[in-house]
Structure formats: structure tokens, C-alpha cells
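Here's the structure, in C-alpha cells; my notes come after.
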Amino acid sequence: MNNSRLDTTTFIGIFLAFGAILGGQILEGGHVGSLIQLTAFVIVIGGTLGATLIQFSTPVFMLGMRLTKWVFFTPNIVLTEVIDQVVGWGNTARRGGLLSLEPLLEEMDDPFMRKGLQMLVDGAEPDKLREMMEVEMEAYDEHHRLAAKVWESAGGYSPTIGILGAVLGLIHVMENLSDPAKLGAGIAVAFVATVYGVGAANLFYLPFANKIRAVIGREMVKRAMVVEGLVAVANGENPRLIETRLRGFIA
Amino acid sequence: MNNSRLDTTTFIGIFLAFGAILGGQILEGGHVGSLIQLTAFVIVIGGTLGATLIQFSTPVFMLGMRLTKWVFFTPNIVLTEVIDQVVGWGNTARRGGLLSLEPLLEEMDDPFMRKGLQMLVDGAEPDKLREMMEVEMEAYDEHHRLAAKVWESAGGYSPTIGILGAVLGLIHVMENLSDPAKLGAGIAVAFVATVYGVGAANLFYLPFANKIRAVIGREMVKRAMVVEGLVAVANGENPRLIETRLRGFIA
Amino acid sequence: MNNSRLDTTTFIGIFLAFGAILGGQILEGGHVGSLIQLTAFVIVIGGTLGATLIQFSTPVFMLGMRLTKWVFFTPNIVLTEVIDQVVGWGNTARRGGLLSLEPLLEEMDDPFMRKGLQMLVDGAEPDKLREMMEVEMEAYDEHHRLAAKVWESAGGYSPTIGILGAVLGLIHVMENLSDPAKLGAGIAVAFVATVYGVGAANLFYLPFANKIRAVIGREMVKRAMVVEGLVAVANGENPRLIETRLRGFIA
Amino acid sequence: MNNSRLDTTTFIGIFLAFGAILGGQILEGGHVGSLIQLTAFVIVIGGTLGATLIQFSTPVFMLGMRLTKWVFFTPNIVLTEVIDQVVGWGNTARRGGLLSLEPLLEEMDDPFMRKGLQMLVDGAEPDKLREMMEVEMEAYDEHHRLAAKVWESAGGYSPTIGILGAVLGLIHVMENLSDPAKLGAGIAVAFVATVYGVGAANLFYLPFANKIRAVIGREMVKRAMVVEGLVAVANGENPRLIETRLRGFIA
Amino acid sequence: MNNSRLDTTTFIGIFLAFGAILGGQILEGGHVGSLIQLTAFVIVIGGTLGATLIQFSTPVFMLGMRLTKWVFFTPNIVLTEVIDQVVGWGNTARRGGLLSLEPLLEEMDDPFMRKGLQMLVDGAEPDKLREMMEVEMEAYDEHHRLAAKVWESAGGYSPTIGILGAVLGLIHVMENLSDPAKLGAGIAVAFVATVYGVGAANLFYLPFANKIRAVIGREMVKRAMVVEGLVAVANGENPRLIETRLRGFIA
């Protein structure tokens, strides 16, 4: 169920963002090449990466990097399929008791659903079941939101480090004021650092963090539905009522 | 009840905002034409759209766009009519029991009220009724607030991308310092990007997001009143007391 | 009890703020007249008004405007008088029962206190009484805080629209670089828009919003005391104990 | 117990802050005198004071001013002494009953502890005792945090009013461009307003607000311990257990 | 268990951050020496230290300094070891009763775990045990987060004090406009203060604060697991169930 899907909106967005900057540059008669500056790149990207590495522990930083795949290949969380599945459990349990759910455990890919189903089969009390699944939900939420903060922090450091790069460039310009011919070009180089810092943060880092957070949010809705459904099945509720209740989670 | 109404305040506001900018430009003896710059437009609008598309999934982005109609045609949520309707249900239920509410289901346009009324007719327990309606309320609230964030995010990216456009323009100017005649005009072009970025965010994107959020807030008050009323009717409370209680929701 | 009182602090504050700006201008040997610019005024005030109108619905905007009177004439909320009144109700109820409070209804100006007293006289259960009064308190709080946001939003838009005005002015200046004599004066005009935008936000809009919010906060403390007192009277508590308890609300 | 103590850290901090600014100015070969500008002082300090006065009611503003003494003479809140005292009450109550605490009332300086002790002696129920003391705690917290906001608001207004002063100065400079000799000095004067606005906010107003808030936080911990202890004594708990429990409040 | 471990990510991050700035400076053909300015250092570091000292009390400031070691030597909090330990307690208690846990007290290094174990051995009621341990957890959390704010506040003051230093430098430059040869170099010196202020905040102070907070967060998860486990052991729960439950805390 959780297989991912190429997120065309992300690709259109990145194409548009790059196209707007480069297209604008060309429309104005400028050279695209004057936007490519190794010095600015080293300062802005290196400095941002450095600050982000200091802030996060290695495992959280690595998780943040791995979650980046969600920006391009969004997990395909189909909430209606969750309803079908949970209602199916309810029907099975009604007919053959909670133990009859055991064969379903093998074909279950999602570890959260499998753990819940296992507890259901083991005959856990509804209250204990809910409590334990909610502890796990919260741990998932906190851990993944922390990882999404890797991109958010990069988006926070990047513009100021871009300004840092610009100021470093301007210092260099000011020290060579005696050669006015180089003045303009020097300032131009300095400004490229600002473009890198502000652009990377606003066109990539911050949207990345927000898209990752949206996926986490959707996964949390799915998990809340699973917990609600498991408790209802454990309570032996009518599958039709379970369906009505779970539909309320989908706006 | 939820038919919409042309929001004259929005139109007066947009007229005022445009009038202030253009009027100011004319008063100062400037040409309105010098505020029209294709390059700046491409960078600022294209870049903002790109960043926003990366951040949101397609369905949320589309919902954000659709909700924009609320800025111009505000849904006409008349809270006193909700009171009349709920009190009417209370009176009907008092006379003929909850089942006598069934004929009202057909003429009910609002899906949230219809679902609640259906549960009432089906004889749902008051506690279950409240719980299920509140899950649905929360899902509506979260989903629509996320969509309102499309405009808020655009309002967050737009000014910085405007500054990006200005810096791109200044780089171009600096590379052509040898021709001082073009200096001023070049800087002027660069500044237009700032005007686009700051203006679009402050005169449109952010007010749009806030107006959409206000409509959601009012709809949530309506829904809270409906839930409160449904539970009271299910409890067989005195319709006059229901009216007093619901009036408390209207400040 | 809620009659208002001229707020001398506000007037001293406005006098000081204006005096500081104008006095500073005169001390530096500048002309006060150079701070008066129709163009800047049109752009900054018109643009801010436009953005604010787009954001708010007409009734909320109008309430925000009406609450502005609180900045100059603060409602005179004397919490000790509330204690005296509630303790008086307690004593009356002790001697003659809750019905003996009925004659007090006529002379009660405050609609919130009258509604609560009416419910007390009608013999509402303490729990119901508290619940209904708290719904009304929350509706009052949300509605008035939303109205206070009119000034807060104006304070948010104003500085950026001031910068917009400055940039518009600078564009005009840059297009006329050929006439250096006009350069300085042109830039001066452009800067006045910044002064208007930043000054209006920091010296008026934001302090207005905060003072209005403080009045709402004080009214909410009063209402919390009224509800606490009504419930205590309904429970037939000792008036001396009610007084001790209500005194705890006054820091 | 609540006698205050000269806060050497504050004095070292102020000495360092002033020393850094003045020392830096001297190191660079500048005159300290060029940092003293009556005009800038009038605009920045007067404007900030004006905005702050508009925002706050007179009693809150005065309380904010009075709390400033805490920045220099921090109240000496010794949490271990609170434990000793509360445990002492527990022992006294164990031996001679709650009434035997009455003689302690006279020598109690702290009004919050005296009120709680009085209620204990009067035989208030533990639940009522906790509820009433917590209402008072919350009122104290809200009231004093509002007063701490006087400095926080001043810290918010000051930098922007500093920029306002700089812009006013620059307007003056621009109008006198014809005399280039005065150009630099004029701009220097303008910049002093920025130094005043940013410096006052970051070196004084904001640290003041935060130190006041820290004192309030510590007082709230003390009060939470007092309430916890009073309730435990009212419940007749073992003084040793009370001590263990209260130690948990001290990190 | 809580022995620390050299945090290589931090060292790589600091190396990268310094390398990016210095490498960029060298790539651009600038002298690294022109980034070393005593004046700027005195103003920015001294001013930031001053503001931070005013804000915090001496013990909190000192704790903030001591926690800095966590940035370089992260405490090695292995959550799976906590599970092993707690499950071990459960097994021991099952076999020999709670008193059989007493010998474990001696070899317990972690004071929080020792205190909880002591209460368990003393036969504290599960509810009391949880309540007292949670009070201690909250005190730990608040106290240490306050200390982490020392670095966060430094990160807030540093950039503005950097700008202060730049403005002080520019004032000096403006007063010596008559000697254009010194103009550029003077401005360059002024800009170094910005580099120091922005760089120190973004590359060190803010990442430090965030890394310290992450360690506190992980310690709080460990403590929550310990409390959950202690209560389960006190309730005589099955050690296997305790293990399943505690695993839920690890995302």
C-alpha cells in the first residue's frame, strides 16, 4: 500500500523555479554563466552544510537525507484502502474471532499495521492496545519531524550564510577600490552568494522540509485511523459503523 | 444556507491597494509603464509558483486555488439561521420522536449537517455522535488550513524571491558599469522585482490566506454549534434551552 | 461599572512619540515640512488600508475600528467592585434564596453578568451554568481578539508597504539620474515613505493592537471571576469564602 | 527568605557591553564623543518610550518599571529553604495538629505562603486549598509576565525606531547634498540612531525582560512547591515523603 | 551507560564551516588576514557576552557553558540498553520480589534511575512513583532547556551586535571621508564585524543550542522509558510485555 509514486508537482515546481531564474537572467540580456561562481558556492553550500552537521547527530542527519526521496517520490498513502483493510479485519473477526486474523499477518508489509494486528491476535485489551500504539505513533512523529528539521535548519542558515558570503566578497572589493574597472564585476560576484543563499533556501530547502512534513502528517492520519480501527475491532464493533467512523478522518 | 455573497470589502481593498501604488507613482510624476517589467514578473511570479508547487502535493495545491473564490465570494454563513434550524429539529423531535426528523434529510444541502442528522435519525448515542462529528470537524479544519497555507507560503517566498530578482538585476547592472547612462535605468528595473515580490505578498497572498482562514474559522463555529445542538436534541433537551446555549456561540 | 475613562498614558505616549520625531527633526536643523509628503502618504496609508480590507470581513474590520476607542478611553474594569457585587449576590441568596436575586436583574448594565444572573435566578444547575457561560466567554474572546488583529495586521503590512513606497520613489530617482541636482531631494522623498510605514506601525498600529488586547484580557479576568462567583452562589457557598476565592484572581 | 541580593553577573554584563562598544570605538581610533548625539537620543529613546506608553496601561507600565530592580538585585529564592520550611510545617502538624501551625503565621513574610498557611490552619479541604492557591499562582504569573512585556516591547520597538531615526537623518543629509563636506559627518550622525536603537534593545531591554521572566519562573517553582507541600501537609503525609517529593522540583 | 562519545559530526561540521569561509576567501584571492580584526572581535564577542550575562543568572549561565561539552562529546544514550536493564529489573522482581532489586542500587550510576529504583524497593505505590518521577523529569527538562537558551540567546544577540559593530565602523569611515584612500579599507574593517556577528551565530551559537536541546530530548525519552518501566515493574507486569511496550518509544 505504501509504494511511492513520482511526484510530478515537485518536478514541475523545480523546473519552474530554475526556469524563472535563468529565463529572467536571459530575458534581461545577462549571461547564465555569470550566475556560476565557485567561490560563492563553496562558502554558501559548505557553510550551510557545516552548520547543519554541527546541529544534528549523525543518525538524524542521515534520516533527513533519506527522507528527501519523499520530495520526489511521494509515498502513496491511500486512506480509502486503509478503510477497506480495517473493515475487512472487522468482518473477518466477526465471522471467525480475533484469532482468524492471524493468517493476514504474513502478507502485511506495513510494520505499524502488522504490530497492531499482532497485538489484536494476541488478544490485547483495547485500552492497552490503544496506549501502546499511540506511544509508537508519537515516537514516529517526533523522530521524523526532527529529521525534517534538517532541511528546515538548512533553510534557516542558508540566507544568512549567503549574506556572509556577500560581505566577504564586498570586503575583497573594498580592499581593491584602487582599480575601479574591477569594481562592478567584484560586486556582481559578491551578490551571487546572496542569490545562492536565498535561492537555495526558498526554492529548495524550505519547500523540501514542508513537503516531508506533509507526508509525515498524512502517515499520522493513516496511523490514527489504524489505531481507531484496531480498537473498534477489538471491541467487536459493527464493521459498517467502523467504516462510517473512519470516513470521518478523510476531509 | 451556505450560498456565497460577493465580498465588497475585498474589491474595495484591491481597488485601494492598486490605486495607492499607481496613484502614488502618478503623483510623483513617474510613468505607470516603468512598473511593468516582464523579466521581474517572470522571476518573481515564476519562482514563487515553483517554490509553492515543490512544497505542496497536487491535491492540496488545487484545493488552495479553489478556496481562493472565498476571498471574492465569501460563503454566507448565517449563524442565527443555524440556531433556527437546530431549534426546529428539537421541536420536531419533541413532538414526533427522532424518527420524525427523517423527512428533513432530503432538503438538507450542507453535507456535515446531513450526516449528523442521519446519525440522529439512526438513533446514535449522544457520546458516539459527538465523538464522530468532532473527528470529522477536525479533519475538515486541518485539511482546509493546510490549503490556506498555499497562499501563506507564497506570501513567505514572494518577498525573498523579489529580493533575489533585484540582486540578479543588480548583478547585470554591475557588469555593465562601463556605461553609466544605463546605470540608473538598470537599477530601476532591478527594484521593480522587489516591488513585485513585496507587493504581491503583502497586498494579495497574505491577505488571501488570512481571509480564507477566517472563513474556515466561521465554518468551524457553525459546525461546533451543529454538534452541540445535535447532542442536545439527542439528549431530548428543551428547545428553548438549546437556543440559549447556541446563542452563547455568537459573540 | 464598565464606564470608560480617558487614558492619559495613551495621550502622553502619542505626544512623546510625535514630539520625539518632530523634536529630533528640528534639533537636527531640518524642516518639519520635509516630513510631509502626499505621495508617500497615499502609497503607505492607502496600501496598508487596502491589504487590511482584503484580509478582514466587513463586520470584523468595523469592530476593530470601534474597539480603537478603548485605546483612548479605556473601559474602567474595577475587579474589586466585581467581588463586592458577587459577594452581595451571595449574601442576598443566603438570606432569601436564589429568587431574591431577581430584582437585581433590572439595574444590571453588563449583559454578561445579567445573562448569568438570569440563569442563576432560573435555577440552572451549577455545571450547566459554568459550561454555558464559558462558551460565551470563549466566543467573546475569539471575536474580539480577531478584531484586535485588524490593527496588528496593519502593523505587519505597514513597514513593508513603506519599503515598497521607498522603492517606488527610488525607481523614479534612478530614471532621472541625469539631473544630479534632484538626486538628493528625490531620495529624501523616497525615504519619507519608510518613515511613514515604520512609524505608523511602531508608534500606532502595533501599540493600539496590544492595548486593545490588554483590555480584552482584563475583561476576560472579570468574566472568569463572574462565572466562578455565579457557580459558587449557585452551590450556596459561604459569601466570605467566595470573597477569598475571587481575591485570588487579582494579582 | 525573599530578600534580594546584588546580581554581580548583571553588573559584569553591563560593564562588558559598554566596554565592548566604547573599547571597540577607541581601538579603531574613533572619538567616544562621536557616539553621543542628542538628536538621535531624543528620537530613539523618546519614540520607544512613547510607543511603550501607548501600549500599556499605567499600572502595568509602572509594575514593569518596578520589576527592573530584579535585574540588578535578584530576589534570593532559596528552594532548599522552602523545603525545610514546608517539612517543618509537616512535623509541627504531625505533633500538634493543623491548629498548632497558627503561631507561625505571624512571622511569615511571604504573603503567598501566609495565605496558604492560613487556609491550612482554617482547615480547608486539600482540593479546595490547591484550587484556590493555583488560581492565585496563575494570576501572579500572568500579571508579572505582562509587566515583563514592557521591556520586551521596548526591545521590539527600539531597533525599528532607531532605523526611523537613521532615515530621518539621511533625509536631512540628502537635502544638503550640495555641501559634500558635510556628507560624511551627516551620515555618521544618522547612523548613531541605529546604534542607539539596536544597542539599547539588545544590550538592555531584551536581556532585562528575559532576566525578569527568569525570576518569575523561579518564583513560580517556589509557589508550586509551596502548594504541593501545603496539600501534602493537609493530607497528613509523612514529612520525609514530603521532603523527597519536593526535592524532585529542584533539578 | 551515559558515558560520552566524541561527536565526529560536530568536528566535521566545524571543519567544513571554517573551511568554507576561509577556502572561499582564498579562492577569491583575498588574504585570510583581512578577516582578523581585533576591534570587530572586541565589539561583537564582548557585546554578545555582555548581553547574555545580563540576561541569565550566574548558575544558569554556568550550566549553559558546562553543557557545551555535549556538543563535542555527545552523551552515549543507548535506548536499547535501557530496555535490557528495565526488563532485567522486571525478571528479578518476578523471581524474588521488589526487595531483591536492592543489590542493584549500588552499581547504578545514573541518579535518576537510582532514585526510581530506590522508590521501587521502598514499595512506593505505582501512581505516586510515576507522579514523583515525572515532577523530577519536568524539573530536569525546564532547567536544562533554560541553560540551552544561553547559546540560543547569544545566537539572537550576535548578528545585531555584529551590525552594531559595522555601523560603528561606518561612522568612523564617514568621519574620515576626506581621505578617500582609506575609504575602502575602512569599510572592509566595518564589514568584518558583520561577518563575526552573523558567522558566530549561524555556524556556532545556534547549532550548539540545537544540539544541546537534542541531547536533552533524547535524555527525556530515556527517562520516560525508565518511568514507564518502573511503573510496569511495580505493577508486576510480564517482562515480555514491558519490553514490547518500551520498544514503542524507539522510532
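As written, the chains take the letters A, B, C, D and E, and residue 1 is the first residue of each chain.
Here is the rule we use: contacts are C-beta pairs under 8 Å (C-beta built on N, C-alpha and C of every residue); 3 or more make two chains touch, one makes a residue touch a chain.
Everything quoted here is computed from the prediction, not taken from an experiment.
Q: Hop across touching chains from subunit C and tell me the fewest hops that reach subunit E.
A: Counted as steps through touching chains, the separation is 2.
Q: Tell me the angle, as a multiple of 5 degrees, of the rotation that maps subunit B onto subunit D over the C-alpha atoms.
A: Result for this pair is 145 degrees.
Q: Using Cα averages as centroids, what's the distance between subunit B and subunit C in whole Å?
A: About 25 Å, centre to centre.
Q: Just give me the whole-number Å value for how far the CA centre of subunit A lies from that of subunit D.
A: Computed from C-alpha means, the inter-chain centre distance equals 40 Å.
Q: By the touch rule stated above, which residues of subunit C touch at least two different other chains?
A: none
Q: Over in the complex, which subunit A residues touch subunit B? Could you list them?
A: 7-10, 12-21, 23-25, 27-30, 34-35, 71, 74, 159, 183-185, 187-188, 191-192, 194-195, 198-199, 201-204, 206-208, 210-211, 214, 217, 221, 244-245, 248-251
Q: Which residues, counting only subunit C, touch subunit B once they are in their complex?
A: Against subunit B, the touching part of subunit C is residues 38-40, 42-47, 49-58, 60-61, 132-133, 135-136, 139-140, 142-144, 146, 153, 157, 160-161, 163-165, 167-178, 189.
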